[in-house]
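Across the two complexes that follow, chain A remains constant while its partner is chain B and subsequently chain C.
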Partner chain A sequence: MKNRYSFLIIVLIVGILGSIECRAQGVENFFKNSQISGNFQFDGMYYNHDSVIGAPEVPEKVLMNAFANINYNNGPFSAGLRFENYLHALQGFDPRYKGIGIPYRFASFEKCKFGITVGNSYDQFGSGLIYRAWQDANLGYDNSLDGIHVRVTPVTGLTIKGIWGQQRFYFDKGPGIVRGGDAEINFNDLFTRLHEKPFRFGIGGSFVSKYQDAADPVYKLPKNVAAYSGRGTISYKNFMINGEYAHKINDPSAMNNRIYKPGNATLLQLTYTRKGLGMYLAAIRTDNMSYKSDRDADGNDLNINYIPSLAKQTTYCLPAVYTYATQPNGEFGFQAQGIYTFKRKTKLGGKYGTTISLAYSRYNAIDKEKIDAVTPLDSTGTLGYKSDFFSMGKEVYYENLNFEFSKKFSKTFKLIVDYFYILYNSKIIEGHDVSDIYSHTLLADMTFNINEKHSIRSEIQHMYTKQGEGSWAFGLVEYTIAPRWYFSVSDQYNYGNPDSGKRIHYYNIAASYVFCSSRVSLSYGRQRAGIMCVGGVCRYVPAANGLTLSISTSF
Partner chain B sequence: MKGFYRLNDKFVNKNRQMRTLYCSVLIFLFFSGYVLSQNQPTNPVGLRKIPAIDVKTTDNKTFNTANISNGGKPIIICFWATWCKPCINELSTIADVYPEWQEETGVKLIAISIDDSKTSGGVGPLVNGKNWDYEIYLDINSDFKRAMNVNMIPHSFIINGKNEIVWQHTTYSQGSEMEMINIIRKVAKGDTIPAEKN
Partner chain C sequence: MLSGVFIFFSCDKVDPPYMNETDVSDCPVPGFPDVTNPQKTLLIEEFTAHKCIYCPTGSYYLNQIKSQPYGNKVIVLSIHASGLADPEAGNYNLDLRPDTHGEELYTYFAIPSEPRASFNREKLDGTTVFYSSPATWQAKAEQVLTESPVMTLQLINNYDSATRKLCAHVKVKFLTANSQNLKMALFIAEDRIIGYQMNNNTSVGPTPDIPDYVFMDVMRDEFVGTFGETLVSGNVAQDSSIIRSYKKILDPAWNAKHCKIAAYVYDTDTDEVLQAVEEKVY
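Take a look at the complex of A and B:
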């Protein structure tokens, strides 16, 4: 196995020969059907040392991330690879992303109800509670499975999937082996007479197991850890309800302080929608559900599963200062959302309609009780704790109430007003030893169209809080010359910081040029850690000061 | 086994790997060159078709993207997510002029949400709540996004009557929908989109 790239070439040649032979028309048709596509992204930054905001001295001065995907497709056959380059990785990305390589390559063939992928694959079973392989370059996240992925659709309405492989771990692979399968039945697709019925229902189930050798001198650790889940969806006209329950056997790991308690997760979602109105209700309960292919891994490394966070996501920068992060060891969360549009040409709707929305989400601890009178909670080598499924823990992790008003007043002016109340348990979410942070944010987002091509967008935001870093103010002005040019100036000011030396201005200027599927952007300034949206793109950035160049294109 | 991907370590020993890598890249380039030259007479820019990927409707039906069609009329495919403000701006702006666009060119907009299970439950309510008249699909694990080589959202494509991708654009800024409708008008008339626009 010295030479892994030969694998790709062999697969390519086999696929090519195979498809040539399949076609009576021969070589000419083969080349006619060949398609090559791909994309490329480069992000480079020159770093200034800035002790005020906590941006460290960068020995290399400049850092960069780049990748390119190249995909080949010919009818049922496709193959692709991703070239990645970190010399060295940008601040905020794991330093184990180091060097150059091809950590992702695959070949797949799809014909007659069968789909086979060898090499790296991405997929998820159900909502991902026991298996999800996915990638996001801007987050530096990639847990693709290197191995085999098979998908069969014996009849319309029934899909069976199987996976077997090892997970990507930076430029290496994780030590564990991951195997699993999933089946999903959609009854309305399966039975012809149910095709057009308003009542729709489907079920699904999955099983995943990981194997990792164990040689612990003290504890007898499970080498094989299984997880299974079941799910169902029912919809009737405008209503839909879906749920999934997942269970994992005992899996002592670095994440759960090596306790032997089995884990479980439950997700329930309810929606009602009709034209002009949408309502959404969701609840999630997870209990000791971190599932990794290496029991010693921590953070985001080698996750086999995915625990969705139901907390309202915002891309406005001040409310995003306090963003909730999933607590895989246990949480009880729910979310309610309503959105309504007043029709055009009514009193409240005006000429173009008015949209209002209300969202509330809350996360609590799960109930935890000692396993007996003497053993402290979460003691290594024990069952850890007992938990009553239906009672919620007292500790609040996060709470978010959001009201939004959005209206186009005329062809030239559009306004969005948002209010956010956020309660953020900094001790649980970030491990900081500070009290809960209560914040109130009010913001206005205004767009002025000067003419068809020129427009100005401005954001004014204010966040009031007595805790944490204190109050913030934010201002932004964007000038766009559609569809190519974009300029912006912004400042985020922590004027309420209790430490007067930390009342910092995070200023930023940016320009970008877009040409069809390519975008080049240049920005200079300070960035605080968090989600940053510039020129219509959002990504996570750490505290930094400097000049950034980004190039992105697809072909 | 460890570190076999890393090309910059132990460089001397990895020469053979590098050679094979170059070979595979060369094979790709050769094919792409050949493809483009083969397609020259009929497709001046080597037009790509929509890849066949399974996505879901908001009421949990499976839909294969190879079945995307609009009876020979142009199609817009927009990649978006409920948490992406510029995407919502773009779709809301187009929603205001969509009936006129449809009347004039027969165009259909297909909005592909890349929301994962964290936020995908909110897609249906948001689309209806905003009164959008688009065809909506959920690409929960970004399979279609990957197959279409989308780096970041919003990213939109224009598809001609033969299901070929004739134009694409990344990001959204106020007013860039005007460029889009100009291209759609040309596509609706059956004009070829010049390569520099693609």
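Take a look at the complex of A and C:
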């Protein structure tokens, strides 16, 4: 009901502003400047009970997620809303996504160096180490801030932002209040004489505080928990280095077992790019840096901040089985990546060029020492542990070595070959009490362009591992009739499962039709259980068997 | 900008202990066994200091008292107070002062110098509560121990080593009808702290410094203030009993294995200690 009122308020605001605009400029001009845009997505699935893969009985038989964004824009004014419908939510999405509503709506006005948004907003300060509000429908993640968002640019090169509100919590709001500010200076934009200089630099700083009432009979809980960060960027010609340090005061919560140790996070990135060559080095250290607007929340609920992932991400299904989920309570990670394209018409480049890339990433625990001789690590109601900033913990959380070879051999044939070595600490990442998983995956992705309209793409993947569910093989054939039709057949086969009864085929057939800006897809098959991640934020996806219908469109 | 200033001050830094010590809802009260042979326990409060050259002699005589057959009925609380207890750079950097509580007692009882000891705070000579001349202390202790108890005092400690949370439960049972105004005080004390102690008595240790002196019964902190909390005001019938629970998070600097809790009940009009009890933390 509350959301219906929200919708009415938005319509009213648009109407009032519209009427003001009408009087001022006339009806004709008003409608001439108005723009309405949006998109719609529907995902529905009919579930079959499949005891072989462990797919549970679904009482509703069919489940669905749907949303539509509708945005209105008229010069400096914009407003929008998102209608969401979960009746009931697809398996793997949090069941608290239940019902129909408009959990996202905003109105925004931008003029004379001021940008003001009331309602829900998405934004981030710096790298997001102390504040990031974002949304990913496929991940079922949305921590938009419902309140006010102000952006001021008093002079070119200086941007000041302020936020104040409560975070979205499914169809409700979290109990905490989030307040914050950020200032960023780009010196090359600020000073005219630096405009064209190759040496560019900028600094920024942020401060965020959350408030949540506390009446705990046992612990003295801080009602206001603050975090601050400082960052800087320097670039010279092809080089760029940037870094950010964030600090959070005592924040006992369900995530950190209610310890009182302050948290901190450090992110450093170095990039070098020139034509045909790109290099990237990065390191991150987080220490007790889960920051939520509800101290009792866990999982992905009500995150105020965001810890970026330095682990290599891939869309290929077998190496994606073991994807790293960031560990805000403590991790020490780094990544080194290089990509090089051999020029066309050279021995290695061939007629169309050849690209190779090498990436290595690794995450370890942070060093943890007991606070004294008798108190166990992470004990509730204590400082939890001591940690030397420069010492890395011995336990490896994740390691990924990837080599990729990509070459277009002719107008009709392109080949991508990938090798992944992954060490996956399932106990830390997924909470499963199993040994570390070491996997080797080799895959080939081949595209055959039969003619301008018809193409076939095929993937062959093999993952070897002795741990976990054992080895897997995967095959895929896609047939595309541009620009409308797409068909695919695939099978994931867990042939190496130590339990012979679980050597299962996860087959899938799919077809899509695209017209105008709409796409309709239908697929049938099995979906393996696992985790799905976007940028280090993950959700569990249970095993499923059934028919899936997806519709998406935009206007 | 203004909102930035507001936000900047929006943080609550919590200092240890992190648990609410006044709320004992997480300290379930245990069952107390019956007391079959009530006896009076003696509380000896000793003012001492690590830079007091006469104090090792005082401690020597206290150990003599505790080694007597009645030693299990003797509780010692060593209170490090005065300027002689102040830590300083070098060998005497140990801080054994129980926060401000030692100084408060030192001032309240107008202690002229250390060592001084009281015996249930009784005015054994009719005027004095704290006595010098350690060689006379044993006779005073034995004099007090001849008295009959007017109440029993039982103490049960429950300690969680993971959180260092200590729940102390005290049961008072009146053996006779009471008409006095009584308070109960609880203190935590620690044994076996090693450090430098000044000394002028070669018979108890090297002079002028004892480098590895073992400090015993060192008062560390209170549970309910320096002077305790009201137990009863006025008349209480014979066989009445009162149970009180207290909570404390032990300072990580203290060795919980060597810590103990001392509780005592005293008459607020005379300061006389009527009964005392002591139990190890665990």
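Here is the rule we go by: the second predicted complex is superposed on the first by the 517 of 555 C-alpha atoms of A that agree within 3 Å, B and C clash if a C-alpha of one lies under 4 Å from a C-alpha of the other, contacts with A are read in each partner's own complex, and residues count from 1 in each chain.
Everything that follows uses one rule, which is that a contact is a pair of C-beta atoms (placed from the backbone, for glycine too) under 8 Å apart; a residue touches a chain by one contact, two chains touch by 3 or more.
Bear in mind the structure is a predicted one, so any value in this text is a computation, not a measurement.
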item: Clash-or-fit label for the pair chain B, chain C on chain A; value: fit
item: Contacts of A:Y46 with chain B and chain C, given as first, second, both or neither; value: neither
item: Touched partner set for A:F405, first chain B, second chain C, both or neither; value: neither
item: Touching partner for A:R200 - first (chain B), second (chain C), both, neither; value: first
item: Residues of chain A touched, compared between chain B and chain C (which is higher); value: B
item: For chain A as apex, the angle formed with chain B and chain C - C-alpha centres, to the nearest 10 degrees; value: 150
item: Contacts of A:F487 with chain B and chain C, given as first, second, both or neither; value: neither
item: Which superposed partner A:G181 touches (first chain B, second chain C, both, neither); value: second
item: Partner chain(s) touched by A:Y419 [first = chain B, second = chain C, both, neither]; value: neither
item: Least Cα gap, in Å, left between chain B and chain C after the two complexes are fitted on chain A; value: 22
item: Residues of chain A contacting chain B in one complex and chain C in the other; value: none
item: Chain A to chain C touching residues, read off their complex; value: 160, 162, 164, 179-181, 207-209, 211, 216-226, 249-250, 252, 260, 371-372, 374-376, 379-383
item: Chain A-touching residues of chain B, taken from the complex the two chains share; value: 1-9, 16-17, 20-21, 23-25, 27-28, 31-32, 34-35, 38-39, 46, 48-49, 51-52, 58-62, 82-86, 89, 92, 96, 116-119, 121-122, 124-131, 140-143, 146-152, 154-155, 167-176, 178-179, 197-198
item: Chain C - residues contacting chain A, complex; value: 1, 3-4, 6-8, 10-14, 16-20, 23, 25-26, 161-165, 249, 252-253, 255-257
item: Touching residues (chain side chain A, partner chain B) in the complex; value: 1-6, 8-9, 12, 28, 31-32, 34-39, 41, 69-73, 78, 81, 99-103, 110, 122-124, 126-128, 132, 134-135, 137-138, 159, 171-173, 186, 188-189, 200, 202, 233, 235, 240, 242, 267, 269, 271-280, 282, 306, 308-310, 313-316, 337-341, 343, 352-353, 355, 357, 406, 408, 447, 449, 452-455, 457, 480-483, 486, 512, 514, 516-519, 533, 535-538, 552-555
